[in-house]
Structures are given as structure tokens and as C-alpha cells.
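In what follows, chain A forms one complex with chain B and a second complex with chain C.
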Partner chain A sequence: MEFWLFLQLLINGIIAGSLYALLGISFTAIFAPTRIFHFMHASVYVFAGYFLYQFAMGWGWPVPVSILVAVLLAGFMGVLAERVIYAPLRRMGAGSMEMLLSSFGGYVILQNLILLIWKSDPRTVKIPEVLKNGIPVGLLTFTPLDILTVITAGAALWAVTLFMRHTKVGKAMRAVENDPLGATITGIPTEWVRLVSFFLGSVLVAVAVTFHVVDKGLEPTIGVNAVLVATVAMIVGGVGSYSGAALAGLMIGIAENLGIWQIPSEWKNTITFCVLVLFILFRPRGFFGHRMTRYEG
Partner chain B sequence: MKIMKAQRWCGSFSPVWILVMILATILAWVGLESSAGAQDEFKYGSLMPVTGPIPQYGEYFIRGSQLALEDLEKSGWIGGKKIRVILEDSKADPKVGLVAMNKLINIDKVPIVESLVTPVLMATGPIAMQNSVVLVNTAAQSVPLRKLGQFFFSINPLADLVMALSVEYAVKGMKAKTAAIIHVNNDYGRLVGQTFKEIFEKQYGGKIVATEIINMGETDFTTHLTKIKFVKADIIFTVAHEAELGYALKKAKQIGLKTPFLSGPGMTGPMTIEIAGDAIEGLKTPDYVFDPYNGTEKMKSFGKQYKEHFKIMPYSFPAFSYDAVMLYADALKSGARTGPQIRDFYRSLKGWVGVSGPVAFDKDGITTTGAVIREFRKGVFVDVKWK
Partner chain C sequence: MIYLSYVISLIAVYGVLTISLNLSVGYTGILSLAQAAFMGIGAYSAAILLTQWGFNFFTTLLVGMAVAGLVSWGLAWATLRLKGDYYVIASFGFQVILYNIFLNWIGLTRGPFGIRQIPPPEIFGFSFLGPQRYALFTLGILALCLWVARRVGESPYGKVLRAIREDEAAAASIGKNVNRYKMSIFTVTAMLASVGGALYASLITYIDPFTFTIHESIFILALVIIGGSGNVYGSVIGAAVLISLPEMLRFFDVPTAVASPIREILYGALMIIFLRLRPKGLLPERITSGVVR
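Take a look at the complex of A and B:
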């Protein structure tokens, strides 16, 4: 019986970790090329969820169409944050701390906007029950939605890797990440690259929240935890490494679920930060990345 | 010299002085207005979670009290004087509640406050007692509330009474020998869960095989329920709030967990049904006697009135709030004005029947009206005949 519980928790960990992987990749896509700690990523995450809720449940649009529009809108929200907040600050010579504080301010405003529009009641988006009905395999159970989550996270990682390696924009993003000044000198349109980074990161985080909303529902405060997990995944994976962030996300998911096998469940979130502390102490560059000092300033 | 003296004299009427005098006049006028206003109306303080993790409870209060005020208006108020509800948001947070309670008592000077949420009541209760302000509970269930003091009254029964019934039903009705407990990580969850455990183990010889603690507002029950699935409990007793129970039921169905759920009272509102979907079918719960479908004529009439206003059938909590306001109105009609007078009226209450059922208080100020066991069958909760 203990073995089956272990196996079930491992499966649960892989499913949760897949979403964490998506979060890690999304945050890396923004932080690595722009070096902005985009705390408003939490707002984009929550807004994408509420867009989906509004379209699907409020206005009765078909769920796939609602998802598509919500994901695109989230992408544009990210772009808007860059154009309206970060770009003007950058022009005024703001440093990373000013950026972070502005981002946090933006988060507070958007958080209150959510409360104003949708109130703080929990919301759910209904999808066909067949996607959520458990498939028993011996003593184990998982749902088609769980399988879809894992496949989507894997596909997203694959697509981002291809994008970064084989497209002009992806290569430009890597160039800006490696040497922003050099990239500007060689004629890479860095402002444009930043916009693409924000769009890509926001789209990915919207995909992650879609799975959260249809499975676990929606309420205004879920964004903070998502950003914390995303940050931890990015640091543990090694800043700048997309596969590292994905692997770290997966590892955090598994560690959380296996951890609560022996310790009470309320400690689940603490496990995430224990992983972070361990990595900062013993492997500060994460799995495959560079030291955080490279991204300072 | 005369000119200089005149200048000094005029100097005392400098713009600053003029401003001070204008402000003083305004303050005096406002003071007169408010004291005149105080004579025209009775104040009813309310400290509710309008925002925060459980805003639906604030909404229940708003709706219940709104209907009570409408009915009082139709009947000509209290000798023509209206009741004004002063609503403060506690966010279900004791720290926020404390500030709001101080405002209600010291600035608004209310003689009575209706509130709920155990941690908020435990934090604000002592201030209400010290200031001789009546504190009325319309949802919290923790047993230590009994000891809050002589100005505390609860219109809903507390966990000691309800848990005795719940455990008896778990053992005799559901034939449970083992149970798993899921409770929310606050005073309410801990204390109600503990009461259930004590009665289940000490009085009936049952065994609690797992205890899972969740955060307030939790939506992900995968790991908690997975652990419970493998310990094979006869029942899962859950103490949380509406949304949390809804998500737990939904996830239990998804992971193929067949163990029946028994919830704590007051957790099965419209939100639970909406979130859980068909996973709520078969849920057993101790519930308050209020039943807008098959209850007394008063209950059915309230149900009809509520549905006309809000397009949904009511749940116990709006009925409790309706009764709390009506009870205050009756106290005022009897001539009670101050906290001690209202307290005395409440303590001498006999045969008072509201829309939520009969209301009479025991020596600790807790209603003596009990609870019933209900089960969700085909879209509604129905009484379970098990004795």
C-alpha cells in the first residue's frame, strides 16, 4: 500500500511539476533577456484566468475560443506592462530596484481592479466532465486533464526551445540576454526583443493558469504563489536556461508531493522554499545556468 | 501706537485664525447634526467579511439584514424611528476586525454588533464585553465562544451541540468506526475538528486515522485526499468553508475516492453546490433547522421573499441575520436602548420564533435550538431519518 501511495504522489508531483515548469519557463522568458523582476506576472496570471472565466462563463463563449482569446490578451497585457511601466522607467535611468517596486505597485493596482470587477468570490470554469473523471489504473488514478497538462507543458518547452534556437527573434533574445550592450551595437532592436519576451512569457503563464482554473478554480490571490514558484523554478533551474527552469519546476512539484508523504500537508509550500535555500547555499547557479550576479544591475 | 495695537488686534484674525474658527463652526454643526441624527435612528453595528477569503458570508448578512430592514420599514419602523446598519469589513481577519470593532464602539457608539468568524469574534469579543456592547454571532461555531462573556449571544448553535449530533450520526447512521478529518488551519477548523475527534474517540471508541490541515481558501486538495485515499477511513469529516468543501468534493470524485463525506454545519451554501457540481450528491451534513422548502410557514415565506429579491433560494445564514436584526428591533420596541438593557431583553427571551426557527438563549447566550442531519439528493438537501 505504501508503494502505491508513493507512486500516486509521484504522479501527482509530475502533474503539479508540469505546471510549475510552465511557470518557470514563462518567468525565464521575461527575466533572462530583460533583467526585470516582473512581479506583475502574478497579475497577468490572474487576469488571464478571469478573462477566461468572463468569456466562457460570463459571456458563454466556447471554452477553446475563450482560452485562445484569454491567452492572447494576457500576452498583450505583458506587452502593455513593458510599454507603459518599464520602458519609460528605463528611459529615465531606473535601476532594477525601481523596476521591482514599480512592478509591485502595478500588481497592487491590478489586484484591486480584479476585486472591483469580479469581487473575491471563488470562480470556476466548467469543462466537459470527461476531462476530469479519474481513470483508475490499479490503485492509481489520474484524469485526462492531468495527461493534457503534462503533454502541454512538454510541448511548450519543446516549442520554446525550438523558438530560441532556430528563429531570428529567439536568437536575438539570447543575444540580448548575453550582452545587452553588444546586442544594441550590432543592430539588434532590443526594444522589440523586450516586447517579444514579455509577450512570450505572458502567453506561457496564461497557458499555465488555464489548467489551474479548469481544475482548481480561480480566486484573486493565486498569482503571488504562482510567481514565487516561477521564481524559485527559474533560480533552481539556472537563470537563462529554459530546460533548467522546466526541470526545476518538475522537481519542485515532485518534492512537494513526496515531501508531504511523511510530513503534514500544510508544509507543502515550505518545501518549495527549502529547495530554493538548498540550491542557493550549495549550487547558486542552479542546474544549467549562470550565477544570479550576472543579471544584477 | 494706536495703529500698532490695532494691527496686533487684527493680527489675531489672521487667515489661520479664521480657518480655525470656520473649522470649529463646521465641527460644532456636524456634532449637532449627528446628535440630531442619533435621535432619529437606532444604530446596528455589523462586522462582516465583505472581502477576503470568505466574502460570501458578508453577502449573506447584507441580504438577510436588507430584507429585515424592508419589513421593518413596511411596519413603520420602531415608533417611526428607523434602524441604520453600519457595516464594517473584517476581511475575516482578527487584526482588521479589531480596528473596525473599536471604530464601531468608540466612534459610531453602537449598542450592538453582529459578527461572525471565530478568530474575529475571539479577538473582538473582549472589547465588546468591556464596553457593554452586545455581540451577536450568526455563523461561528467554536465552543470557546461560550466563554466570551455576558454580552455575547449566538443565534446559531455551537459545535458542542452540533458535533454531538454529527458524531452520533457518523457512528450510528453512517456506521463509521474510523474517520479522516480535514480541517481549515484556524481556530474554527482546529476547535471544531478537535471537538469531533474527542467525542468520536472518547464517547464512541472510534479512531481518527488521518488529519489533514488545509489553508483558508485552499483550492487544491489532490495531496490531502490522496493520502486519505490510502488510509481507508470509513468517512471523511470536513471542517472548512463553502468553497473549500466544494473543491474537496470535486477532487475526491476526480481521483476516484469513494469514502463518504460528512461536513461540518454551515458549509453547504450555493457556492459549494456550484463548485462541486454533481460530486456533491450524497454529501451528509449536520444543518440548522432552517428549511425554506419544507420548514415552517415563516421559513417558507422568507424563502419566497428571498428568492423574489435575489433569484436564489436562501441558506441558513441570511435567515440568522434577518432574525438578528428583527430581534434587535423587538428589543428596541420593548424599550431597551443600551447594551445592558438589550442584553437583559435577550436573556429573558421566551417563545421567540424567527424565520430561522425558535430563538432562546442558554446561560452562556447560545441558542438552545439544535440541528438536524441532511443529505444532498437530486439537487436539494433533505432531512435524513436515521433514528
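Take a look at the complex of A and C:
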């Protein structure tokens, strides 16, 4: 019995962890090439959820179409954040602290726009019941939606890795990550590369929120937690490593869910934070990072 | 008059919180997102000890400062070895955890119900009851904080802090123990923040966890930036402007459900505008003498 419980919690951890992995990858896609601590990611995450809600429930569009449009709109929100908030600051020669502080400003504005437009009541998006019906395997249960979550996260990681390795844009992103000045000198359009990385990161985070919304519903406050998990996954994985961020996200999900065995679920965040502190103390480079020192300079 | 005294008290309380954060952010360049957490420690220490244990307000101040100091020292020890953005993430995580503790440790904090009827401070049988007396009291504490912060800022110690902000490697290379300086100023910041929290609890007379969220931390950060980072008088001006401006909304016919988001959008926008157009804030930092001994 104990064994089955353990197995079920492990599976729940993998399911939750897949979404965390997606969050970690999405934050890395933005942070690694641009080195901007994009706190507004939290608002993009929530906004994408409300777009989906508005299209599917408010205007009655078919759910797949709503998802597609919401994800694309979220991508453009990321691009907009770069154009409106960060690019002018960069031209002024502002440092990362000013970028981060402006990001907070943008976060506060967007967050309150959500309150003005959609109020703070919890919202849900209905999907076909089939996706949410549990499949029993022995004493375990999981739903088709869970399987879809894990597959999507895996596919996203695979696609991002291929993109970074084999496409021209992906290579340019890595070049900008390594040495922004050198990349500019060799003729890489860095401004444009940054836009791509914001688009990519925001699209990925919108995919993550889609699963969150159809599974657990929507509230204006869910963004902060998402960014906390995303950043912790990025650090623990080793900044700049997409597979590292994914592995770390998976690990956080498993740690949180196994923790529920002994600890009430309100303390989930505390477990995440403990993982972070342990890594800072004992392996500040993260899983696959030798890169942290480079950013420290 | 009563309303005016209330607003003045509120400005003074946020002045204390902003000055304390300015020591970290403005002087030393450590961006912390945990200010509301330390404010919460002070507020809950005061609220619990005053309502349940019948402590004197000033004793609760000391207890709050001790707790905040110890906790912040531990946090600083564990995470200040990270630089810049990474430290921000650690303080962000810490802020979220403390909010969770305020919300979920119901035995201690009464969780979402909050703590009511927090009495005013009292010294030698004299009670600072009523808005006017309380305004005087908070202004007194604010003046004390200003004095401490200025002394810290202009001392050789404060100059080392600025040196660390400008160039950490250079400060270390002339033999300054950078980590020790950072840890000590961060602890002072947390202790002063807990004083601000205790004043807040006593002013509002009711606290619940929803005050001490990441949004409060960002708000105090905005006050530092708009007032002028590195200038403690700027912090007071920033608090005065950003607290009194939205209060004006009260005189127009705006429903609260709309007024409070508008208030926040206002300060979010001001934050972005200031960073773009006047990054040094309303009162820019003044460097008295350039020599670091």
C-alpha cells in the first residue's frame, strides 16, 4: 500500500514537474540570451490564461483555436515588453538592475489591468470530459490530460534543443548569450535575436499556463508562483542549459509531491525554496552549469 | 485633522520602511525583494506580543528587531554569495515563503483571519492613543531612523558600502571583506524594516497576511527609486508623494474596486517613467567626499 502511494506521488510529481520544466525552459529562453530578469513573465503567464478564458468561455470560440490564438498573443506580449520596456533602457546604457526594476513596474501595471478587466474571481475553462477521466492502472490513476502534459513538455524540450542546435536563429541566440558584443561585431542582428527569444519564451510560458488553466483553473495571482518555480528551475539546472532547467523543474515537481506525503500541501513553495538554498550552498553552478561564473562578471 | 494625521502617520511608517531598504538598494546595490517579509516579522511580533502577552510596545520592537535580524542574517549567510540577479531570486523565494508562513501557521498568526485590536504604544503610562499623538510618535521614530541612516551613510563604513556598489572587485582588492559588509547592512535593513512593520501594525490596528506580499516589497522598492536611491531624504519624499497622491483619489467619486488598481497602475507607471527619464529619482544622491578610507 505504502509502495503504491509512493508510486502515485511520484507520478503526480512527474506530471507537475513537466509543467515546471516548461516554465524553466521558457525563462531560460529569455534570460540566457538577453540577461534580463524578466519578472513580467509572471504577467504574460496570467494574461495568456485570461486570453484563453476570454476566447473559449467569453466569446465561445473552439478551445483549440482559443489556445492557438492565446499562445500567439502571449508571444507578442513578450515582444512588446522588450520593445516598450527594455530596448529603450538598453539604448540609454542602463544596467540589469534598472531593467529588473522596470520589469516590476510593468508587472504591477499588467497585474492591475487584469483586475480591472476580469476582476479577481477564479475562472475555469471547460474541456471535453474524456481528457479528465482517470485511467486506472493497478492502484494508480492518471488522466489523458496528464499524459498530454508530459508529452508536450518533452516535445517542447526536444524542439527547443533542436532549434538551438540546428537553426540559424538558434545559433544566433547562443552566440548572443556567449558574447553580445562579439555577436554584434560579426553582424548578428542582436536586437532581432532578442525579440525572437522573448517571443519563444512567452510562447512556451503560454503553453504551460494552458495546462494549468484547463486542469486547475485561473486566478490573477498564479503568476508569481510560476516565475518563482521558473527561476529556481533555471538556477538549479545551470543557467543557459535547457535540459538542465527541464530536469530541475521535474525534480522540483517530484520533491514537492513526495513532500506532500509528510507535509501539508500549503508548504509546497517552501520545498521549492529549500531546493534552491541547498543548491546555492552546495552546488551553485546547478546541474549542468559551469556558466554561472561567467554571468557573475 | 484626524484624516490628515492618519495620512502623515502612514507616510512616516513608509518613510521608515523606505529608508531601511535604501540602505541595501541605494547604498550597497543589493536589490532585495524581501522587505515586506521583514516588515511582516515586525508587524506580527508586535501584534502577537501586544494582544496575547500584554508586552510593552517598545519591548515588542526589540523582539521584532531581534527576530528579523537573526532571520536576515541567516538568509544573507546562505544566499548573499550570489551576485546581482541571482540574489534577487533568493530574496524573492524567501518573501514567498514568509508570506506562506504568515498565511498557514494559523496557531501563531491566526492565518487569513488576521489579528485585530492591536493597541497603541505606551511609555511610562503615557499612551499614544488617537491619530494626532500617533502621528507625532511615528514622526519621532522617522527622525530617529533618518539620523541613523545618515550616520551610517556618511561614516567610513557607508563609504565602503558605496564602493561595493560601484565595484565589488575593487572594494575587495583593497582588503574590504565584502561579504561581511553586505551581511551586516542587510541585517540592519531587516531590523529597521521590522520597526516599520510594528509601527504599521499599531497604526492600522489590524493586520493580515495579505499586506505582506511581494507586491508590498515592490511598492517599497518603487518608493526608493522614485524618491532617489542613495538619498535617505529622497526616501521620505518618495513615500510622501506616492502615499498622498493616491489619497487624492478619495475626493473623486471612484469606487474602491477600481481605485486601488488605478493607484497601483499609477505607481507602476511612475516607476518605469522615472527609470527612463530621471533614474536618480526626485532627490539624487549627494556624495559628500570622494575618499574611501
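Assume the second predicted complex is superposed on the first by the 291 of 297 C-alpha atoms of A that agree within 3 Å, B and C clash if a C-alpha of one lies under 4 Å from a C-alpha of the other, contacts with A are read in each partner's own complex, and residues count from 1 in each chain.
Criterion: contacts are C-beta pairs under 8 Å (C-beta built on N, C-alpha and C of every residue); 3 or more make two chains touch, one makes a residue touch a chain.
Worth saying up front: this structure is predicted, and the values here are computed from it rather than measured.
Legend: residue contacts after superposition of the two complexes on their common chain; A:L115 is shown touching both chain B and chain C. Judged by the touch definition given at the top, the superposed model places A:L228 against chain C, while chain B stays out of reach. In the superposition on chain A, A:E266 makes contact with both chain B and chain C. Contacts of A:K216 after superposition on the shared chain: chain B is touched, whereas chain C is not. In the superposed pair of complexes, A:T124 makes contact with chain B only, with no contact to chain C. Judged by the touch definition given at the top, the superposed model places A:L5 against chain B, while chain C stays out of reach. Set against each other, chain B and chain C touch different numbers of residues in chain A, with C touching more. Of the two partner chains, chain C is the only one touched by A:P88; chain B is not.
Contacts of A:T141 after superposition: chain B is touched, whereas chain C is not reached. Across the two superposed structures, the residue set of chain A contacted by chain B and also by chain C is 115, 119, 264, 266.
Every residue of chain A that touches chain C in the complex is listed here, in rising order: 35, 37, 85, 88-89, 92, 94, 96-98, 100-102, 104-109, 111-113, 115-116, 119, 224-225, 228, 231-232, 235, 264, 266-267, 269-270, 272-273, 276-277, 280-281, 284, 292, 295-296. Residue ranges on chain A touching chain B, taken from their complex, read 1, 4-5, 8-9, 12, 15-16, 115, 119-122, 124, 126, 129, 132-134, 136, 139, 141, 143, 216-217, 219, 221-222, 256-257, 260-261, 264-266, 268.
For chain B in complex with chain A, the touching residues are 51-53, 55-56, 185, 212-215, 217, 219-220, 222-224, 226-227, 229-230, 243, 246-247, 250, 253-256, 271, 274-275, 277-278. Those residues of chain C whose C-beta lies close enough to touch chain A in the complex are 29, 31, 78-79, 81-86, 88-90, 92-94, 96-97, 100, 103-104, 214-215, 218, 221-222, 225, 257-258, 261-262, 264-265, 267-272, 275-276, 279.
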